[in-house]
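Labels A, B, C, D and E are assigned to the chains in the order they are written; within every chain, residues are numbered from 1.
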């Protein structure tokens, strides 16, 4: 029925099966949309956030999806700037994942603010000293870049490509893609960092505060670094997941391995940097603010030292070691384990840098405050996941996302 | 965001930050304009209509 | 021309491009954001001319001078009135939230007649004429054969409005005029017995430099709170000392220089222990004791039983500390001992008052600078006695329903706390009609269940409340008073002030609703009853009555808000009019009491086996616990260790919480039961409460008022019963045995 | 995936390219012009609702009768606050009886003066609630004339129509008569930028850490 | 700018915790003055707008050595370094600002778009978000103060040191042809209300104002001073444990010389 739209030379499931799949995920999406409308119409009292948790699940989700979407900029950076040409076979997917992550982040931000109709103030009345301003600008600009990067993919749809203008546009965009990618990488380095800066500049919160250079606290660099390290892991993870679902190999092993290797080294160096940062913070910055390290990890039901060990060692050092060893990344199972761990690690880091920052009492007479999200928060956080799944499903079905698919899955007639 | 807005100051922060921003926006804008215009010219020249055949 | 897809698309793109070049999208974006600045459902306060109107606050007996800020005809804020004696420029937390009472949705806006069952909340609005004739009709009917069956309950008996009600009852033929009891009654009785005078106690705390407080919440609303706060700060500035004797670390205890956590109920013993040391060490004021007191030897003999060691055993405070404290107290140049627990809303044990007052006598600071003064009652109300017809003559001779003035309690004027039991134990209620003004007995009397039961037996209840409080909700007719900022009212000497003072509460703004001053309502009822009753009320209306009563003070009062009487420290000479003509350490009146020891303590109700713990109340400035319901602002300031959601939180020592059959965590729910009632609570583990005890805030658990107050927490009075003081008959209960049980979650 | 399908589309595109190219541009222009007209002309008409003042007022006439100019009626209270539009109490001295023959005057006396009702004037220069504007700071402090900001209202003989933004509820005079926000006189527009313009020029309260200009609390409450 | 700083005012507060009775009058005065909304249930203190909140400190000892102290916490109006308070520099839309002229940290409700970054930045929890539409029971909106704008749902609000009173005092001064304000002309609602006289307010830079000397008291301290927030609210307590609790005193960590001082 929709065969005219499907790329040539590849096999897709029946339209019925596809519609069923999209329909099921669509229900989840609608649930999220309902929750979103509740938040917009009734206000943020629909959430479990409070005056101690001004930032909560949503901001975590924002930080996490942007870190995970970091695969797009870093792969782009490697492909177009460094010149790792093999990566062209996975860049499309990385861009798509990035596009989903960034559009989701923007949507979540639009729900998260108390006055959505005033959202544009962040641009118009920008305070350039605020890390959030930097985030907003870079995020929006980079989202624009991602859209531009995603655009030729859309235009390569079999039917659209037939329109000469679109065909030419797509062709031209490819020609200058390196420029966009470079701009995107430039923006990304900044906003990934400024997301780290969001927590790092909070000198009233010794748990989050870090020293740094110029206006940038160390978390600025750590965030960029970790996004560059873990973003590609997420791309790998989603690629593998897509392959499992479609029961097809879509990207050649050597491409994945190359990305995994680079990711591994990034992760390793990041982990080392993170350990140094943690040590300096525990030994110097925190005590200067009146806190021992363990003050941050005791007297509360959740945040114990386990979280530090999990984040840095189990989800940092361990996957890094797997990925930098050849056998580790050759074995699909350990590769997947490493990717998943890295993804958990970076998500956990973002959780800590948002939620634990809020939980730690700063005044000695204040209390640890725990938080659990309301269903509306959960639903609106799942909304982008559903949206992402649908967009991936549609894109995969109708667009030539994986250049190697035809070669890897020849149709036998 | 613009120099005519109340919050704007002619200081280092604004020059660096907004400079970076407008630089990026200019590149993106120029790049897109170039691509669209060139695509239009190409189309007018008849490119791309039969390339699959 | 065929409009195909492409043409349409082109049209749309052209339209979009064009629109972007018009102000439309930009102006809309801007206007939508501006719309959020002025959401129609968010109120915008109207601006106008600012003015200040001075008045006197009548929300509690402290009577602070207030200055109400108005914007045009709206009252927007209450502040303190500078220069007002005692409160000088400040008001308390409740006083400042007073506008929420004025503008409260729970105001009674028009006379109401009950149409549903009692307490059901079904009312019919009626006209004032109908309301007055209804009340007068009912009273007229009753007067035929049982005039003494009409009772009146007021908050305090001072001031013209309560006196008008009293006059109405007298002319009508009923002796049953009752006031809400408080520590002022106990102090008055103490002065009557020990000084032999009819006076209220004034505390020259500003000049004291050692304050020994027996559980009095000096900075928690005891006496005139604002004045006490100022005195406390002044004490800090001049490096004076404050010692707090109390089982719980109250704010006063925390701020005191020394906190002496005696076992509750043993305060009397502790005071006597101090007296023992003072006498033993010969630290007492020889001049005063030798020349102006009687029964000193009897007192000294009685004290033999209170050596520091024995007192230590009973009170739990070690002997050395007792001795040190006694010496410090007696050694201070201006020591002052005060009592009356918490805010002094319950009268307490008369023996305790007398024991504490004996300490003041020992150090000779009675009627002296920095001491306790006997302040004569205000004398401006000089109405001729009403003419009494036969019915009235006969009626007022009848014995009072509450037993006050009887053989058993000859010294006490009013015993409202005994009324519920008297009614409940009688076959037919001795009270057939009840008029309630400025009081909320259904909430504020101990053992609310019994009070309600008693009220059920009273066929006709009239409330004069301006708010729909518990008692008003239970009334048959409500004759709503103006809110306190809408009316004239004389304000007698603030409680505890050492110099007589008359204040005048003035209307700050015109009445918002169809209400009438209770004074006017009483006059109207009297006129409707005709005969000698009407004759007893020669005034056209209340304002005339008030201005005539205040006479030459009126103009000054209207002008300045108060008239201070020139009053010096009374001194000792001729100050005592007891049978001996001297200060009596051991009053004959008490000694007449059978063979019991002269100074006794009160034990809490309930048996220890069933109820291993003891529940005590505590007062907080943030909770109004009198007849005024907490306004929303106050309730907002209540900490979550006092009220959480709708659960009241009780303080319990962590050691006690662990000691129970089940272990309780902070914030855990539990059932609290006493011999009188049971409520669901949450526990707050606090190191500030003595092990074995629990403390619960007073002022919550209202069933009336609006959603901002009703149903929040529990009323302490539902859990405690009254304990009759053997001398005064007043309520002397300070706590009740209780237990905690687990609640299934 | 049929080849015939492909062929058909190709034919379409060829036709479109040849035949309807002109139409496409024409439609583009139609769309452009239509939107320009509606955005510039229709939109402002729809955005504002026109409201008439309860009664008309002749400023010029009153100016002749008073001694102290604007401040005769628009005065400062003793606490320095600005009384704004006069209250009935001020008018009543002269207007207890109907003066002259204007029907508005008759309405004023009958509807408002006799009944003791305040006139619900619509205030052209009413700033939003978030704005704190101190008249006294400008008039007494800086010695400015009323007309500097308000224009020659004192010379007007009748009140203009009050236009209210349907979305924001603000007077049109705040944003300005001109929909594009262009102004000729100071009184054409009363937005934050207009206040700031003068404050910056004169160096008033330039104490903000964030902007180096006026601190927010100078004009906001 | 530098020159302006020297003669600039720096309004601040000194709160004597020995005198504070914890009565809460300051809280109510603040709420009444500043149109702070109230809900039916305010017992969840994590969602209860209280510009000035009185905290209760405990010394952690057991009966009968336990001790408590109340600590009123308005907005600290942090100066940070050169006016870069923790909250001011993070606000993306310039809705909060620091004025060198008064030293007051402002919050503009109509500019704020509710991102709550400032709340994350403030260690004192002095900032509150309007999670709910403010609702006054019928008739009670009459007590709203026209000098303070009512906040709408979805924005952050906080103590302004009753800045509208400064504006009002200035208006009076202009009317009377003056430029400068006397100490008593501008006082916050809480200062004025405190029955115990525990709060003193004035210009920390002005030797004629009471706060100038009070802040130098040997028992004076500021909350979380070592974080470098440079707050303008000082506290005085003769109790050592209170002073230590106020600034996260670290047992065994030599802080001498390491604590950032911004006096």
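Definition applied: contacts are C-beta pairs under 8 Å (C-beta built on N, C-alpha and C of every residue); 3 or more make two chains touch, one makes a residue touch a chain.
Please read all numbers here as calculations on a predicted model, not as lab measurements.
Least step count on the touch graph, chain A to chain E: 1.
Nearest to the overall CA centre, using the mean of each chain's CA atoms, is chain E.
Chain centres were defined as the mean of their Cα atoms; on that basis the chain farthest from chain E turns out to be B. Of the two chain pairs examined here, A-C and A-B, the one linked by more C-beta pairs in contact is A-B. The greatest centre-to-centre gap from chain A, using C-alpha centroids, is found for C. Rounded to whole angstrom, the centroid-to-centroid distance between chain B and chain E, based on C-alpha atoms, equals 47 Å. Between the CA-based centres of chain B and chain C the separation comes to 74 Å, rounded to the whole angstrom. With centres defined as mean CA coordinates, chain E is found 37 Å away from chain D.
Counting partner chains per residue, chain A shows two or more touched chains at residues 115, 118, 121, 125-127, 129, 133, 162, 164. For chain E, residues that reach two or more other chains under the stated contact definition are 44, 48, 56, 58, 84, 94-95, 110-111, 133, 149-150, 152-154.
Multi-chain contact residues of chain D (touching two or more other chains) are listed as 13, 17, 79, 81, 128-130, 210-211. Per the touch definition, chain D reaches chain B in the complex via residues 13-14, 17, 192-193, 196, 210-213. Residues 4, 8, 82-84, 88, 94-102, 104, 106, 108-111, 147-150, 160, 163-164, 167-168, 170-177 of chain E are the ones that touch chain D when the two sit in their complex.
Residues of chain C touching chain D in their complex: 1, 3-4, 6-8, 10-19, 21-24, 27-28, 31-32, 34-35, 37-38, 40, 44-45, 47, 49-50. The part of chain E that touches chain C in the complex is made up of residues 16, 18-19, 21-25, 27-29, 31-33, 35, 38, 40-45, 48, 50, 54, 56, 58, 60-64, 66-70, 110, 133-134, 136-146, 149-154, 192-198.
Residues of chain B touching chain A in their complex: 1, 5-7, 13-14, 17-18, 20-21, 24-25, 27-28, 31-32, 34-36, 38-40, 42-43, 46-49, 51-52.
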